[in-house]
């Protein structure tokens, strides 16, 4: 029995609320149970220097946690002068995940930055960020479309969402909260498109190594979860 | 006529919502019109080194804005490796304001940190922060009281709240939003206790200098505004 | 009785010595009693990027203390990699104060930087800095005039000087030295023009809040003090 | 046909040379074709603060590239003042991989740091680092054993090695060099123990998403590769 | 003929003024012509960690230039977050030079820091710093002696002073000012004790290499110069 | 008798191996006994900004030590965010030494960076770096010549090499290893050209001051050593 009484393949309650930040070109408050992330997409006229002259744009992400998103207060990263390794790992992952479903040529030499700020953290902040960031990005692209800033067809080629899975007390389970995450033997994150393609697979043994069979069990759970998340994204932007 | 159609002595709609962050010892979402700040108070067992052995505690504050709280996206301060001068000025002001109404001996050699994170910024973020931080601090002190961590009587000696005033188009007005703030000739912030004592008075001529009469007109507006804010704090913690 | 035996409205001995740094376009050594600040103005051909194309220039200030300006040695700020919050607060104040009396269009797209380096600190370093910086700035503008670098009339519209006041042992007094400053209940700084206009008013309760009457008493002292400082500036540049 | 004429399941020539750094407690120069990494293990008497009093030790890794390990010179990270996100991601991966096969209780409250410095980079530096780091760690543990510093049995529970695989021109291939890596559609890294357990699985779609079948094909290649690497490790430390 | 009309072995006018900083344990304003350095010695009860338990103390130095000490304004080093290579080179040199004449055992486990802040720079700032720092150090040691803080005899074993020499327009000359320094073919600094022992010899070819004969000619000039500087130090502390 | 049984004028075994880094335009592994430095020269099309429009290029160097080059592990400099004073001193010295023998006009407005990375440190790393860097630079210039990138004649005007000398146990000796260096009374480094000209002379008394006679004895040893090093450079590039 999971601490939260959920079934092995049962995700926490997920909500996606659009338009929560007045000034952003697209935004979404995403919750996975008690985990709560504010995603805000900004369209910048100036892309990164290495794309100058290529006609292509860029999508990137930044990630941060409010100090008291966590059970114990976390020191602000500005205090140590640089983002932690964990922060950088996550924001690179979110950016790559979004770029996997965007036609970078269609947005021109611009940059879209999606800020994912965690207001409350109860496990799964990176997967919630990806899932919510897609909605914010969707709305920013709609905003661009409304201003005639897009070249050709819709640059958003597919949905993308993410879910964590893990082996807890010997059993594969989906959408770990903080308590489960702390005690998991294996921890995995899957980023999957609306059409079921794999964008990222990251599995880590926290204790004993895991087997191929376990990896496949986790992947199966993730596919089921992501298909539900994609349905929610569709409902949210309908 | 003000851009927002408000009367000269009319504040924006203010709300104070307690308990918005699950893990903090005290928290408050404060809004002044479109300005929205999340205040979260943390009780830390370890006070700052310079108070060791004095039997006294400390109350401090940190302030930050989410990148897309603003009309244009603002670069995260961690990117430049240090908080800006403006950020430091504000967090010092919030900390001083709170300490003015707390008996630091009663909390023992502990530190209370109040994080003020701006989710949306439409002028007056520092005054909203002080006003909301008092509520978060109040709840953190109640939390301590419930655990028998306080020495003697209630350490919260009074209310404290803050409001901005300014001279816009030649007229003294209260609670400037971003549009008014950008064009103000004089910009002032007042931090005032529940019993009407002045904690901080900061007036700055952005263009032409201001007169003693103008300073007094702004102070009068501020006193009226703060007495309403204090009434709302009372209602919020009732 | 004040520790220095001064009357409540009696400032310390003030001196303003021009031309103390050989290479600067304008310079002034200012002393307020034992407080000693070296102000040096530099005319830079290149203004800040955000003024490009506007035809306007900029006046800014930097502030620092020599490590042994103070009773106890203070660590150099370069050691911690960034200016402290206090340093940034002061240099922003000095810059704003000077800009209040300069016609920025007249100096063209240039920048004047006034460096205020404290050689000895006995309280009141920020007010001495502003008072001396005006003299350094005056001389730098004369230097520009001599080279035909100014557009139209004299860009220096007025004098500006500053003085600290405070409530010490219950009494409003002017120009606090370090000993008084350490024990003041209320600490205030006033930046006032030659024609008596207020540029900055900053009052802070260090202990109990202060009243409107006390604020007015401090302001009255400050006005008297600044009129004397302006007279000395006039004598210095005569 | 691969650019290097290798078969799909053919790794580059791998060498493991022990004892290459005179002063380290264990060291290994590892090459995967033109990729060349110097791994050096240091035994430190003082473990990280969070393990104090637990009786457990720690194994960690640091990673860096010499500026001219690469085709184009890379700026030293000290110049920008902090390790890049990529560097931090890799050194966290190497540390986790090694800890997966070490009994941290057996080494006592000490820390072993394995430095992985890339002298020449032609793809696969992180997998070469892990593979070579195991040898350096092995020798450092032998060094400790020789000094009676270990508690109980051999703390090295298993081998661990790593290999990259990817989908290049539609085909799953093993051990990508720089040219293949630049053009891969999917890029994956596998960290696997001597007994075949999975420690880390990281698959990333660089272009189109990948399928479950492709993931399994890559995993199969990796298992074959790692079993050869483990055999080489055995030979090296024999 | 030198630009300053001085003879080849003629130093600029040198002055040493003691007690110029009110709060320091020892201080000296030193001028070499237009070069002007404020040296202030601080006695700290706490020595560096690596000397704990050895019974020995430490003497160190810090060096900085005011931004407008130079012909063109120099950016403050705090702006770039770290002292430049040149600054570090100089402060290490000053520290080593002073330690060469101090009995570190006699001062106990304390640290003396000598701050050398350049108010005006016309060449030779490092040699002026060493020469003036000796006087500040002398007075700080006297201050310690007066408080019974010294163990045994006078810890100041000898004088130490420094002078720059160089080959300018083919001729060896002493005490280069900025103009000569900029055009020198060879630039050298000599740190020499009162009894004529060499503490540091640094010669650098800026253009063509120099010969042994030239090195000896410069050394001869330096010995003559330092003996005059030592005489001035004696007069200053008499 | 020296600890290494060498005669006073006997250097350690020196080797110079070219072409050790596949991608660099020139490279050399240099060993002085157990000291081992990898020198790699990079030709960059873009010179430093201050040479723009002058038609001249630049040669510079960077220096670093691998963490476990030393007996005790040394923390990476990136961890503290900046190169140490020692590192900066050395890389400035290497750069100056190389520039002394290069015609900067002949290389055009380009920059050559020579990276000196110490793989193993047993004293004399800076002198080994200079000696090996010359070889790497030589090969990079040949590479440029082969591509017709040079203006006019060979820009390498002479050889340059360096050696440390010191007074150990009262005797002048050449090429100190770590053990001797730690106990030397005087430590000196000499950078000398192939034709015997002095480029840098740096002598430092670590304990008692040294005399002119001792300086000359060290210089004599150095001249002998450098002439052997230059012969080895000639053999290496033949």
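The chains carry the letters A, B, C, D, E and F, assigned in the order they are written, with residues numbered from 1 in each.
Assume a residue touches a chain if its C-beta (ideal position, glycine included) is under 8 Å from a C-beta of that chain, and two chains touch if they have at least 3 such contacts.
Only a predicted model underlies this, so the values are computations on that prediction, with no experimental measurement involved.
Ranked by how far their CA centres sit from the centre of chain D, the chains are topped by C. These two copies of the sequence, chain B and chain F, are related by a rotation of 180 degrees on CA atoms, to the nearest 5.
Mean C-alpha position of chain D lies 51 Å from that of chain E. Rounded to a whole number, the gap between the C-alpha centres of chain E and chain F is 28 angstrom. Inter-chain centre distance (chain A to chain E, centres taken as mean C-alpha positions): 59 Å. Taken residue by residue, chain A touches two or more other chains at 81-83, whereas all remaining positions touch fewer. The cyclic arrangement of chains, read from chain D in the direction of chain F, is D, F, E, C, B, A. Chain B makes touch with chain C in their complex at residues 81-85, 88-89, 91-92, 96, 100, 188, 192-193, 195, 197-205, 208-212, 214-216, 219.
The touching residues of chain A, when paired with chain B in their complex, are 21-24, 27, 34, 38, 40, 42, 44, 62, 64, 66-71, 73, 76-78, 81-83, 113, 115, 117, 119-120.
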